[in-house]
């Protein structure tokens, strides 16, 4: 039930099709072709949930509270990169610097206050990323939050530093705030599709998105009336991200490995450059997490870009 | 039913009548006489709707979601310039740098939150524009918003950078916010006339405005009691912009080509320097868009400045 | 019915009595003795009403919408200076640079939002004033506004730049905001007297004030119980401004030339250094405006300082 | 009825007991031993009431509206220093620079808005103080205001500049805002005692406080239940200021000279370094003000530090 | 009733296991092995309660109002370090510089306003710490406050300065604000566990926490349903702090020395690096405070790291 058209772009833009400054190209090359599947796809292991959600995220798998777990998984599971904030990067990655690329996440917040006016302040800089030998930085933009101006402005400074220092920029494009909730919620196609486009207009190199759910009554038109299946929704947001490479997040943990793999295949079929799965990986025991990581990597190997 | 008077200025100020710093003159010359109609008028293709309104703006013409569409249209349609934010400019214009002038739009926002306290943060800089070889920058000022001080202050920094770097400054002068809604709305002659003057007092080189609609009961006097036709209203806002060149926006798409051309003729007759039509152009299929663009260009050719 | 006392200072402080840095002295000399009445008094033509009130201010005299009108009036009417924002100064004064001194107004706002929390952001700098050859800068302080801290802080930076660059500083000291309205309003002696003192304590060189109206029931004591005539009120605010030179504003237009002249005489008799009349001048036809300007100038000539 | 204990410090810390950077020592020496009583006590004449309260403060003694009055009083009355904002300091002290030390007050506000969220913005800098040859700067901290963070942060920058430039720092430690009012008000022992400690922890060299009034029902424990006489209250706040020298303010004018002198004696007996009396001095006719100043100075001479 | 598992880390990370920049290593070495127990544990005497709570905290032991008391106690009691703000550090520690390490506390606030939107502004800098020869800086982060973005952003600048200058960073990780109160309060395991993780993700070297109390009905799951004893709760927050060294605070004074010692033993048994006890020490008479300090130090001596 694919709805392809001539105008629909193919799979994600490969490095070969992008014209880039030398430093950014070198770093992106390492992410896309130097580590992980090394075929132009990306398999990123993120770990900022301790800050964003609190330690309760680790309760299902207590060893994962110790970041050594995720670092070992990233190394032995063959990931393209690990995404960490400065505290974890400095304390756990130092002895493995260079072995696995680092995406330094620059901003973050707790979830103690609700997200009605969510804003995510930076506590690290692009220069920190250079100092630590990172190959990219990450920055969350709360698309549509009443305080989105704070992030867009700070993002602008981050982007200029990235330009100056040749650092790729990964945007966590997260619809958030009371207004998006009033328009159907953060997870809808409307919300994710808009977020994808925002990332492109703001100048991201890579965007992290969530798989969109169907819109319902509260969503604005024309989304409210769209009747698209999962694949069509995914292709749509990939298209809306344009030349920005799309990573889909895994969200809450799924116990069924096969379901995870089906998701990966679906995302890649729909044009994603890769996946950024955290809890779906590191909430499994190490051996299972590694086994699943290897299978995901094997899948990605079939989607050269 | 023209109401001309001795005091009414003629058509828009040409470059010949302006005393300018060398860098700004060089760039304005390229916009006015080096590209597009090349006779002192301007025909600008803007694309920031994906950020400002979301991808739904592209639904009527899916290929337009891919910015290559607009770049090709700007090139082959003979536009004076294309107006893009940094994300689109870097990813889609690089291979055509120099072929069509770039107006780098510096600020923007989503429309997820309503506009009661609208504010548009910058995420790119005048130095970015220089780096990309742009011939102007664009900046939105939400005239009358409760938070207008944020933009006027940031605008001041942009203006100084423009002065320092010889960069022309195009102001999107948009009445916005709960107070203008309480006074008749953003589209009235009162609102647009005020916005035109604000752009002049703030030091814009070029201002983008909307064709004003008649004032009604909520507008302040003396506007409320004015009974002017479309042409008189347009002439009035052009006069209020003084020596700032005025571009009129097309707003939502009109299906009737002839109606679009009538609008262009009307705007130019009333003293506008040109038009900045986005959706009215790139929501048409490429061949129709090019055809209409050529006709608009032909029209502008009859209004040398 | 004058109420003089030994303690009441005489007319406004002349340049001879002030100890000034060389650059500031040079510029003040040009304002006081190099142009206009050239006898130590000041006759300033201000034009920021298009930004502050919108183009409707020009409806009674449409030619005044074109700033060339005010520039011509300032030149031919023999004014001490013209006060303009950067947009008008750059576009209309360039060809006459040096012929009439410029007071570059640095901040401003629209009146679309009400003034309950008025704040006036700067969009030009003291360095802009230097670059344009201005002889002073102007800055509005909304005395008593709930957001007065924003202006006082920005004012502090402007003042330091003035000190560094030898630029005289004219403060538009405007009581404004919901609190002053609750205490009798912006125009009362209480409000204007306070504003005069604020200008002195903040370090203005020249202050623009309005002629105070009598206090009524809402004003704080001891003002509420004062029963002073217009002259006593004017003398009081001039005294409260101390060594800061006082210019009185004309406010809304008066059709009666003789009334305007009586006002000027009254202000100068009460110790003012001069007047800053905008609408009372440029809302008259050019020949009448010039005639009235010449009569005001003649009057000022009788008040050497 | 003194309640002394071993733990109660003696009189205020003299310069001999403080280890100071050379520049700060030089300036403090001039204040403490070079002018005024010149025995380690301080007698400061402040004048910022025109800004803080408006010109109505001068109504009881109109000549005091002219700052020449206070300057003459400071000079001829033998004060340790005069405390002025930059406007008054530049306009009235220039001809007497060096004759009487200047404490340049850096921040201030009007009392038009109420003090529920009081905040005092700086409009002058420590570098201004150096330029003017001042021997200290003054900065108001509104202890406990909902916006106290704004001042504490700005204070931090002022403090660092003071450190860098060797400038003593006098803190006007004023409890203020809706929360302190809900806890008994700004004048209580609770409030003043807290303010004294805040000044010490923030790093003031000298603190200006008010004589505390007894706490009542709204004050927090243990203050609510304290039953201390005026002397015990004063000693307590002096102790809470630690090694910060304490100046007590005079507050509203007292007509009885003997009462003023009794206050001075009480303050010095209780360990204060001196007094900062404004309205109690300059609201008297010059001859009376000088006579009272001489008597205060005579009193202070009996408290060498 | 210990609940150990393979995944539970052992006692706190020693300096030997951390890879550190030379300056930070040198300073941490002084704290951990050069002073106090000198075996890798920490015993810190904090004094910021005068600012945070007011002088009433000293009422039970009036001599402690004079900071000389705490300085003498830190010196003679054999502490690893004393934690002071800049005012106290400059005025009381100068004559003992080098004898006991200083942790310069950079930010703070009063408790006059309630903590619903608590925010703690910095009034000193990392450069101040270097100038004073401090061996660490302290910074409070109000985890979960509606204004937490202000601190996280300022913290980011402090952290970068620490990196640049080789200064260890101690975070007072304090859950605070209306949202944490709505979720069970600042003292629960949920709150303290989250705070511990935040400190690690933000990049602290050392974190100060409170001993957690059990969660109750308002706490989020899974904490609400946890039934862990005091030791299990402590071990949990130590684990959540990862490689960040944990100091537990003493909170309000306990009169029973044995109870204090039991607390210390419990904390060290559970993996803490040490304790930061203020009121429990300096609210005792000097001889008792020294005796208790010696006993605590003796206890710590049995936990080499």
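Which chain is which? They are A, B, C, D and E, in the order written, and residues in each are numbered from 1.
The rule is simple: a residue touches a chain if its C-beta (ideal position, glycine included) is under 8 Å from a C-beta of that chain, and two chains touch if they have at least 3 such contacts.
Here the structure is a predicted model, which is why all the values come from computation and not from measurement.
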Rotation angle (°) superposing Cα atoms of chain A on chain D, nearest 5: 145
Separation of mean Cα positions, chain D and chain B [Å, integer]: 57
Distance between chain centroids, defined by C-alpha means - chain C, chain D (Å): 35
Shared interface positions of chain B, touching two or more other chains: 150
Category of the chain touch graph - line, ring, star, complete, other: ring
Ring path (origin chain D; first step to chain E): D, E, A, B, C
Chain A partner contacts - residues on chain E that touch it in the complex: 5-9, 18-19, 143-146, 148-150, 152-153, 155-156, 159-160, 163, 175, 177, 179-180, 183, 190, 193-194, 196-204, 220-223, 236, 239-240, 242-244
Contact footprint of chain C on chain D as seen in their complex: 48, 50-51, 54-56, 59, 62-63, 65-67, 85-88, 90-92, 94-95, 108-110, 112-114, 119-125, 127-128, 131, 150
